[in-house]
Amino acid sequence: MTKANQSNIFERLELPLKTFPNGDQQDLTVFRLRSPNPGPIVYIQASVHGAEVQGNAVIWHLMNFFRDAPFKGSLTFVPMANPHALLNKTGTYTQGRFNSLSGNNWNRNYTDITKSEHFTIEEFCQRFKEDSPEKIKKHFKEFLYQSLKAEQNQLKKRGPQEDRKLNLILQELAASADIILDLHTGPVATRYLYAGEFEKDKVKDLNFPHTLIIPNEFAGAMDEACFIPWLSLKDALNEAGLSFEVPIESYTVELGSEEVINDDLAKRDAVRILGLLQKRGLLKEEDLSTEKKAFLDEYASSESQKACLLKDYHSYYAARGGLVEYLKAPGESYNEGEVLCRTLSFSDLKNLDQLDQCYSDTHALEDGIIINHNPSAVVHEGQPLYQVMSEIFEL
Amino acid sequence: MTKANQSNIFERLELPLKTFPNGDQQDLTVFRLRSPNPGPIVYIQASVHGAEVQGNAVIWHLMNFFRDAPFKGSLTFVPMANPHALLNKTGTYTQGRFNSLSGNNWNRNYTDITKSEHFTIEEFCQRFKEDSPEKIKKHFKEFLYQSLKAEQNQLKKRGPQEDRKLNLILQELAASADIILDLHTGPVATRYLYAGEFEKDKVKDLNFPHTLIIPNEFAGAMDEACFIPWLSLKDALNEAGLSFEVPIESYTVELGSEEVINDDLAKRDAVRILGLLQKRGLLKEEDLSTEKKAFLDEYASSESQKACLLKDYHSYYAARGGLVEYLKAPGESYNEGEVLCRTLSFSDLKNLDQLDQCYSDTHALEDGIIINHNPSAVVHEGQPLYQVMSEIFEL
Amino acid sequence: MTKANQSNIFERLELPLKTFPNGDQQDLTVFRLRSPNPGPIVYIQASVHGAEVQGNAVIWHLMNFFRDAPFKGSLTFVPMANPHALLNKTGTYTQGRFNSLSGNNWNRNYTDITKSEHFTIEEFCQRFKEDSPEKIKKHFKEFLYQSLKAEQNQLKKRGPQEDRKLNLILQELAASADIILDLHTGPVATRYLYAGEFEKDKVKDLNFPHTLIIPNEFAGAMDEACFIPWLSLKDALNEAGLSFEVPIESYTVELGSEEVINDDLAKRDAVRILGLLQKRGLLKEEDLSTEKKAFLDEYASSESQKACLLKDYHSYYAARGGLVEYLKAPGESYNEGEVLCRTLSFSDLKNLDQLDQCYSDTHALEDGIIINHNPSAVVHEGQPLYQVMSEIFEL
Amino acid sequence: MTKANQSNIFERLELPLKTFPNGDQQDLTVFRLRSPNPGPIVYIQASVHGAEVQGNAVIWHLMNFFRDAPFKGSLTFVPMANPHALLNKTGTYTQGRFNSLSGNNWNRNYTDITKSEHFTIEEFCQRFKEDSPEKIKKHFKEFLYQSLKAEQNQLKKRGPQEDRKLNLILQELAASADIILDLHTGPVATRYLYAGEFEKDKVKDLNFPHTLIIPNEFAGAMDEACFIPWLSLKDALNEAGLSFEVPIESYTVELGSEEVINDDLAKRDAVRILGLLQKRGLLKEEDLSTEKKAFLDEYASSESQKACLLKDYHSYYAARGGLVEYLKAPGESYNEGEVLCRTLSFSDLKNLDQLDQCYSDTHALEDGIIINHNPSAVVHEGQPLYQVMSEIFEL
């Protein structure tokens, strides 16, 4: 057993994010664990949406695991990756999905760096196309980092728009990573993740019960912001007649429900991620202590892995305003025609014979699995009820 | 078996509440069920706080029960008693505890009518003190109603402040009632209720698992606004040498958690209320159909009834900001010194040896029962964690 | 003088928008004034953003003008076009720019119908390309309407997402219009408008002091949603070798500051619009009463018309959090290097000698005109300060 | 001329207020300027309500004045006295009047320390009643401070409720002061202040255009929290047969409109306060430099001082929802019957003949002066329009 852990380096970085109206500074705290032995570069952030906090407990368990376990490569952890969103309460709940001033959804506001003038991909290909894929990968990470830096510098010119500043810092932190995990949660939700079409075979190693396969396109999210430049590189090299496969993975990982910390489930979540890292060579089971092995065994998951394409991931919206009882739980399967929820409204009640009509049912339009539902029983017409998977296949 | 139900009268009333900035009118909908046979006058409202919706499902079951069951007296139902609050979302959740413009908590904004110039209690006593208690009661209900009407008229002078207008309408609707139930919920909560010191023997008939005994004082809530005038009458008559007992009951009833509709629990909640009404003579078991009796049996509760004084009802506030895992569930008992919740924060983490200190525990200061907890894991220092009962006794 | 006005038809339509959680229905109110004589079809809406209300007072003056003035064609008015947004207060102010649940900006959420499967433009061109431009225009309006209807029907399938439902209804109402005016306001703002590149010569007839020329592209706004299909038609016909010019105009018009109704300025705003309608043949000055002519004269504007391209319309964001004094007013010109605002913060004040450094200045990066500024003195780093025009030219 | 300023001491204190969910600490920053020569102890805070910021600019000018001016006594400045409230935006505006979770208005949540078990006034009087008024004053300040400290310690037991913690810290900071100024603003407002009945003669020295005389009672505000204990002392001593006058002054000062920093007006505001301090012996005009004297002259105010009792300070609420044009400006006088504002609504418009009825007027019920109005044109029925003074007298 290598004693790599004895010389692992732990760093804490504080990156200035913003100053508040009273002048207080808010920093982003980054933790980095580096092995002296080369290996995968891993980037994990949590809580870009303020109410989605379970990932922070998972990061704690990952740090705790590597406290005294040998590994190769490096791990960058950014818990509470959006402190502004985390602090932002209106009433009891955390309103951290959008910036309430700009309306920007913090996970739809990343930069497609391939559209930037700084992303001179033709020039890059011209310069490095003769290199080995491994070298191209290394150069490209540097190129990506420089492009993002240039974009950040430009942002400063007329003052740094607050959402873009944060989003670009996070992109920069992930620019050198081989594996990027953006830990979110749904509203009231099961565990599920988003994987790009191009990485749909790799994602199996995360062993998640539900996977949404998204197109290889940019729609503003972190996972896409991280993989799109590599797809762009692949296209450019392929066009130049060179074969090249995307060497990185980038996933949005939804760890159950918002506003919840659950330590027991955090262990299971951590073990899923450790399983991926094991398969990517960051850690080896044989190097682990008996205790660590037991931890991995105890919290291992063995569910089947269901998946569907994003086009088959549907939302149900309320056809009528009212008070909703959600009859199906996240993760639950249902058949076409089943009642998914009931909506109570007294608005048409003129006599007691009409009492049964106070409740209206929402029926499933096809077979599927509940992925999440609205956490509120109070629903306006047109507000979301459920998000569901249909046309499901095994990964 | 009387067939009283055949001639029960069902009414729906629409009371104008306000006009919106676009001119649309918002009404309060009131349902009334009246037996031709005299009996208790019951007033039940739900959702004065917009997110607290379970009471509406309970009202549905009560109406459904009396659809074809004989009874004496009358029942007034005001579901969704605060439509403005119910509509008011900020983000996913319903922000219906305060008026966000005035800051008024809708259940701390009722009028203490005994402080009004229209509440001429000495004059009232002078006039009716020779009457029988039953007659005094009847006259006093009329007097109460007239006082509230006068207060409402005065309110109109410079435009009707929106919160007071609603609160006074609800008080007026309840002015003639013998039994007043104001159906709320806690945040994430067990079932519990508030009863005045003066009615602590009567409240047992509601058969609730947890009861808070509050002083016979006005603190702005509906239950108090309803019972305070009667206590004032009792005092005035007693001072005049006449014996008089408060002939009405008024409770705030907390039906579990906010943002939730649960039909199965609504049946249990309804049966608790039906049990009280039975004991007060509104319905008789022998008059009921086999089906109705079976319903009462199936959903009956048999828990013990724990109570404490309001002074022994405590709040725990966060001693430190962080992400909280609530380890105790509403309704759960605990002993002094037990860990109630754990708070995660990375703020002091400088090296991995300090990892365990990322979590800090909140310990119980005495034996108690969890009544409710904050529905959010994201907590600023000084925000509520739990509300608990201590110094508990059986009712 | 034609007495067209005697037979003008005034209609009020109520279109169901949504039901609230309490079951109340919210309608969209549409007013339509139709002359028996054919002429331009005009569509004017106001307050899609809830706080931006001045347009409603302008609509009142337009309706008042045509109460007894002869005209040709028709006018559709949709004041308070987004009642949900108008009702939505958090605190004192109207939070009507985004749907706080979905985060959708109501003026960035319209549908690009040219991307819809229902928008079969090739088929349309094939069928009608031999027709006269006038006939093509007529057919295309019908085609547009049908495409939008089909899109709306599809939306209903899983319940109508609330924002898209509203946005599609507004698009449908405007589908047959020759002139579309979407009345908004800025935060604290001067009067300015957005015009497409293709209509930059026509926009002069609106006689506005400031104009932003936007690309002929779709970015989610109403003006674009209205003109993009016509640009698509033009392209398709041109590709088929036919000449065709876009026969409609569509502008977003910013009438000063949000949260303000000013009747005197509303008259000036109305007269600007009446000037356009006059030039498009909807009304003729010689047909007007002396009183109407006097009204047009009294409230006419004679400022010069400054314009810039959207790429030269810049935002300044706060480089530092603090309390901001805005030194330049909307509409004011400034030179490069001038101080635009000062920001107060005590955060670095350690001794009184540093007192002057509590204030930091924001300097203009080039010559320009202030278009609007943040209405709040309380500014976080990265939040907007000003929006300004640069590289200004006369229209 | 004493050169007291050369040895004035300037201190900056950071008092820990709270930790955020991410663990960041938020401090209260306090600035203190002390002369070696004894004199009045002055306490000035600003922005307890987050949107009410003008006082911070005034504090800057006061500090700037005393940078090199001789004085006696001490000045404690707490700008941005409620950082939590200052940071709290929902949309563009600062929602800092209430804690959105607890609903507590931060200026209605101070502690009436005379109700505390720690405020043993009888014991205090017994012990010190033989002393001179000056000595009693000194002892009482210490007693007040200790009572507030004891209250704060008690608060910690179950975690420090966030609003009370802040409010008690501010009370503690002011406990030793002879002059307490709590700088607020209205919504859209003129300059006015609140003075207790007991200090109505002294308040003239602040030279404010509008003064509201409030009862010598506790209603939760800072000014009251500061003067109530002294009134309680006076009562206790008087009851014990000793004459004693309240030796402190405490005012809530409203410096115009919220969300605004205006440096020119800040100078005038500062000069008003300097005028009071001059009359109380903190500074002497003859000690000042020519420059300072010129500053005092240039920004001096010479308006008349109008006042009314709190009972004659009225609110107008909207009798109808709609869009409001405020026709009277803050500070403006009006006569009974005048139109104060007009409200636009299209809700009843069925034909064009009814167009005039879209506007409804709000008339003045008596002669008065506008003190403030709602900053939003979008008004629900029952929301505030104006606050006005009536039954006005000269101070």
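Labels for the chains are A, B, C and D, by order of writing; each one numbers its residues from 1.
The rule is short, and it goes like this: a residue touches a chain if its C-beta (ideal position, glycine included) is under 8 Å from a C-beta of that chain, and two chains touch if they have at least 3 such contacts.
Because the structure is predicted, anything quoted here is derived from the model rather than measured.
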Path length in steps (a step moves to a chain that is touched) from chain A to chain C: 1
Identity of the chain that, by mean CA position, is farthest from chain A: D
Approximate Å spacing (C-alpha centroids) for the pair chain A, chain D: 47
Rounded Å distance between chain A and chain B, as computed from the means of their C-alpha atoms: 42
Distance from chain D to chain B - Cα centre to Cα centre, in angstrom: 37
Where chain D touches two or more other chains, by residue: 20-22, 24, 29, 80, 86-87, 89-92, 95, 97, 100-101, 323, 346-347, 378, 380
Complex contacts: residues of chain D adjacent to chain B: 18-25, 84, 90, 95, 97-98, 100-101, 103-105, 156-163, 165, 314-323, 345-348, 362, 365, 378-385
Residue ranges of chain D touching chain A (in the complex, touch as defined): 20-22, 24, 26-27, 29, 80, 83, 86-87, 89-92, 95, 100-101
Contact footprint of chain A on chain B as seen in their complex: 10, 12, 29, 31, 33, 50-51, 53, 56-57, 60, 63-64, 66-67, 79-80, 86-87, 89-95, 97, 187, 259-263, 323-325, 342, 344, 346-347, 349-353, 355, 358, 374-378, 380
